[in-house]
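Chain nomenclature is as follows: A, B, C and D, assigned in order of appearance, with residue numbering initiated at 1 for each chain independently.
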Amino acid sequence: MFEKADVLLPKCWPVIRVDGRGFHRFSDSHGFKKPNDDRSLHLMTKAASKVMEDLKDVVLAYGQSDEYSFVLNRNTTLYNRRESKIVSTITSLFTSCFAFHWSEFFPTTPLQYPPAFDGRAVLYPTKRILRDYLCWRQADCHINNLYNTVFWALVQDAGMNKNDAQKRLKDTNAGGKNEILFSQFGVNYNTLPQLYRKGTVIIRPPPREPAPSGGAVERGDRDGTDEKVPVLLTLNEDIIRDNFWVSYPHVLEGEDE
Amino acid sequence: MFEKADVLLPKCWPVIRVDGRGFHRFSDSHGFKKPNDDRSLHLMTKAASKVMEDLKDVVLAYGQSDEYSFVLNRNTTLYNRRESKIVSTITSLFTSCFAFHWSEFFPTTPLQYPPAFDGRAVLYPTKRILRDYLCWRQADCHINNLYNTVFWALVQDAGMNKNDAQKRLKDTNAGGKNEILFSQFGVNYNTLPQLYRKGTVIIRPPPREPAPSGGAVERGDRDGTDEKVPVLLTLNEDIIRDNFWVSYPHVLEGEDE
Amino acid sequence: MFEKADVLLPKCWPVIRVDGRGFHRFSDSHGFKKPNDDRSLHLMTKAASKVMEDLKDVVLAYGQSDEYSFVLNRNTTLYNRRESKIVSTITSLFTSCFAFHWSEFFPTTPLQYPPAFDGRAVLYPTKRILRDYLCWRQADCHINNLYNTVFWALVQDAGMNKNDAQKRLKDTNAGGKNEILFSQFGVNYNTLPQLYRKGTVIIRPPPREPAPSGGAVERGDRDGTDEKVPVLLTLNEDIIRDNFWVSYPHVLEGEDE
Amino acid sequence: MFEKADVLLPKCWPVIRVDGRGFHRFSDSHGFKKPNDDRSLHLMTKAASKVMEDLKDVVLAYGQSDEYSFVLNRNTTLYNRRESKIVSTITSLFTSCFAFHWSEFFPTTPLQYPPAFDGRAVLYPTKRILRDYLCWRQADCHINNLYNTVFWALVQDAGMNKNDAQKRLKDTNAGGKNEILFSQFGVNYNTLPQLYRKGTVIIRPPPREPAPSGGAVERGDRDGTDEKVPVLLTLNEDIIRDNFWVSYPHVLEGEDE
């Protein structure tokens, strides 16, 4: 009786985002490589994949750094759309998978203490606004990664201390950072792995019959257990431009009615 | 902008309850002893203690079976009282501690798959209503434990199959169940461990100076790391009657204003 | 601090519906004609028009019987989209206009006691669902009006008492009711005024330049004060079929993004 | 389905406050006397009384200027505690009574246009916090009335223009304002009518048997229709200090449980 009703508005797309709690300290305690630690990124994606395997109404997950966003079908009836139940279950499941699969990705680094995540729900009324949200997260990935890439090059390769590196980058725009990378470190930012620059998007494969867009589907990295029927597609592609959505129209299928 | 404001009403006592997700299957998969598995109960309490050590505004935790309730101080400003953040963090942290400490309590039983919990927040405006909630959970513990104790005695000791045991207990009241236990199995229910009959309550020790109620404090089981300053008191006492609250007045200190 | 945040989800269409409180008694006390009282229906529409003149973000109002629904622009920032403020202001304003203009429509019937309305907000994420809502209200108008028309014909013209009339109509479908009207009272339901059968929809006139759909706009009843620039169009048309929406595309302008 | 559940948290005291919409303009249009117009204040109280006569779960109403707060019994089940329904109905009813009774208080001033109010709900978990709210409103009454009394004395009696009067009062504290009133206008603020300085509180009379606090009850102004059983007590007393609450213990009866 003292529990508030918290049903998510029907027809809107629910997005649940989980974020690492105190991951600055956590990454230090576990010797994460900077600016990107492949083990951690792949563990995050493993945990997210397990969430998607368990909860069939998640149509897409997008992750970068220590965060993952789960997009549920706009018509989902999962837990009768009760917000607390959905948010807490996804956050708990993600956390649990992260801890459970830790040693697969960090075989020589024992977990020092229990990692935690927080979660929140956001509701998007239309596909366009949902896509705006995903664009925002991928743009955020790019901005942070560019900054971190230059910052750690200055610190690790040029021997600058962190304060000086920070000052050096203050008031530098994207072009300036690319320039530093290229001129000072010989790095072309655009050739760095898409995993770092684009983050990771997980979707379900298109339905088999009939083949969508009349051709073979490029499936990218696979995260399935069965060669022939991958459970999930794990991609490091641009999701800002239309191309991704044209290639995988089944993900957000159905018109804005 | 699309995220709903969800600040918990000021001055009310927030209670966050976490519940095992699919724990029937989970307990089967991990060979839990019936009707009570000490290892699981102690692991639950370990995880709850870790939550309390981390989040200082939790003033009391009560657990039984696969659930734990965390009572926050009515004046807490944790995460600015944002419901999603509080619920998801506590649920995530509890889950993570459960997974992290698993092997301490189940040294010979590897975790088969990641356990998950859901969480929810409930708000109680006054101490009396908060205590009613805790009474309800402890009464629920008693009712379920009595049923399970007789049920599994019939199955394990009397060789009944589960369906027959269920039928035997249908329409039996508490007295009837006690009678079966005593006459058929020689068990006096009231002598079974309080851990099973009362569940577990975790509180912080009373402040040292001056000693509350003018005397030595009985501390029950301790869960602290320092012999002299226990961080937490772990008790298996009745919290329905006034006695507990008279003994530990600091737990819900302050008047209903 | 103790006031809940209640911002309406952005981009969704807010609909505020006001309903007469105890209007069965109110209509009896004021001698409303049955099944429809033109004075009351026109007073309702007058009050709704005044609400629309005052609050520019109301793009459409639909009324029937003792209810009126106000559709706000999906992008409205009225009162920063605070639900309580929007609902209470519209309900108050509607009530006040109803009382204020009473004597214009009921010149010989003094107001016996203060009329009241309740109000509520509903949020629709897409145009399609918003139109479904409006269809539902217009279908409701038709169903109730058909029932009431036959019921009062039986009572007023055939001299049946109300209980018998109710029994006569129980389990009668739409066709049956039309049949009674035609065979027993010589009334063709479809020739009754659209005001009764369709309710009333109020919109703003299409923008002048360029003329929408390339021609003169049929304006129906006018509720404006200036012959040349009507402030509002008051219509008794079908809003279930596409025709209305094709004729007045400006009302819900903008794509579902 | 698209309507949000909005049940008020049980056991908390709901307070609904209605506020005049654009009453600066409204008071100008209707020639309200400054700083206080008795007709308007009495009309507000008439409307509030009618709300209390209609809705029995309102235990107290407090009004000043163009606002009125309605305190509902903490255990009220009015409209199943649905917030929108309660707020909109009280706001509508208040507005309607204000318009309906207008001519009784303004016999020579016709209503120029329909007045409107907005409404909001606030929830208070304990009596103490509820009383803090009422203290705040009465303190607000005092502060505004003191300011307005001096301001209009400067304008009306000393012939100052409004800008100069405003500047004169800027940075003046309560003592300074009292001093101006006394030295310049010979007015002792504390002898002005309590109606202006304290606002108006409306309660129900104490239950007849047994007489509360063992004596005759001073009833102040009466608003009842029956001399012997007044329906409501209308008072202009201090509600900040304990005295009022000691005299009328039945108003907020029942312990904070």
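The definition used in the following text is that a residue touches a chain if its C-beta (ideal position, glycine included) is under 8 Å from a C-beta of that chain, and two chains touch if they have at least 3 such contacts.
The chain lineup, named per UniProt: A, B, C, D = tRNA(His) guanylyltransferase.
Please read all numbers here as calculations on a predicted model, not as lab measurements.
**Student:** Specify, for the interface formed by the sequence copies chain B and chain C, whether it is same or different in terms of residue numbers shared by both sides, with half as the dividing line.
**Tutor:** Same: most residue numbers at the chain B-chain C interface appear in both copies.
**Student:** Once you count every C-beta pair in contact for both, which comes out on top, A-D or C-D?
**Tutor:** C-D
**Student:** Of all chains present, which has the mean Cα position farthest from that of chain D?
**Tutor:** A
**Student:** In whole angstrom, how far does the Cα centroid of chain C sit from the Cα centroid of chain D?
**Tutor:** Centre separation, chain C to chain D: 35 Å.
**Student:** From the mean C-alpha coordinate of chain A to that of chain D, what's the distance rounded to whole Å?
**Tutor:** 54
**Student:** If I count partner chains per residue in chain B, which residues reach a count of at least 2?
**Tutor:** Touching at least two other chains: 2, 4, 9-11, 123, 129.
**Student:** In their complex, what parts of chain B are in touch with chain A?
**Tutor:** Residues 2-4, 18, 21, 50, 83-85, 87-89, 91-101, 111, 113-124, 129, 133.
**Student:** Give the list of chain B residues in touch with chain D in this complex.
**Tutor:** 9-12, 123, 125-126, 128-129, 256-257
**Student:** If we count contacts the way the header does, which residues on chain B are in touch with chain C in the complex?
**Tutor:** Listed in rising order, the residues are 1-2, 4-5, 7, 9-11.
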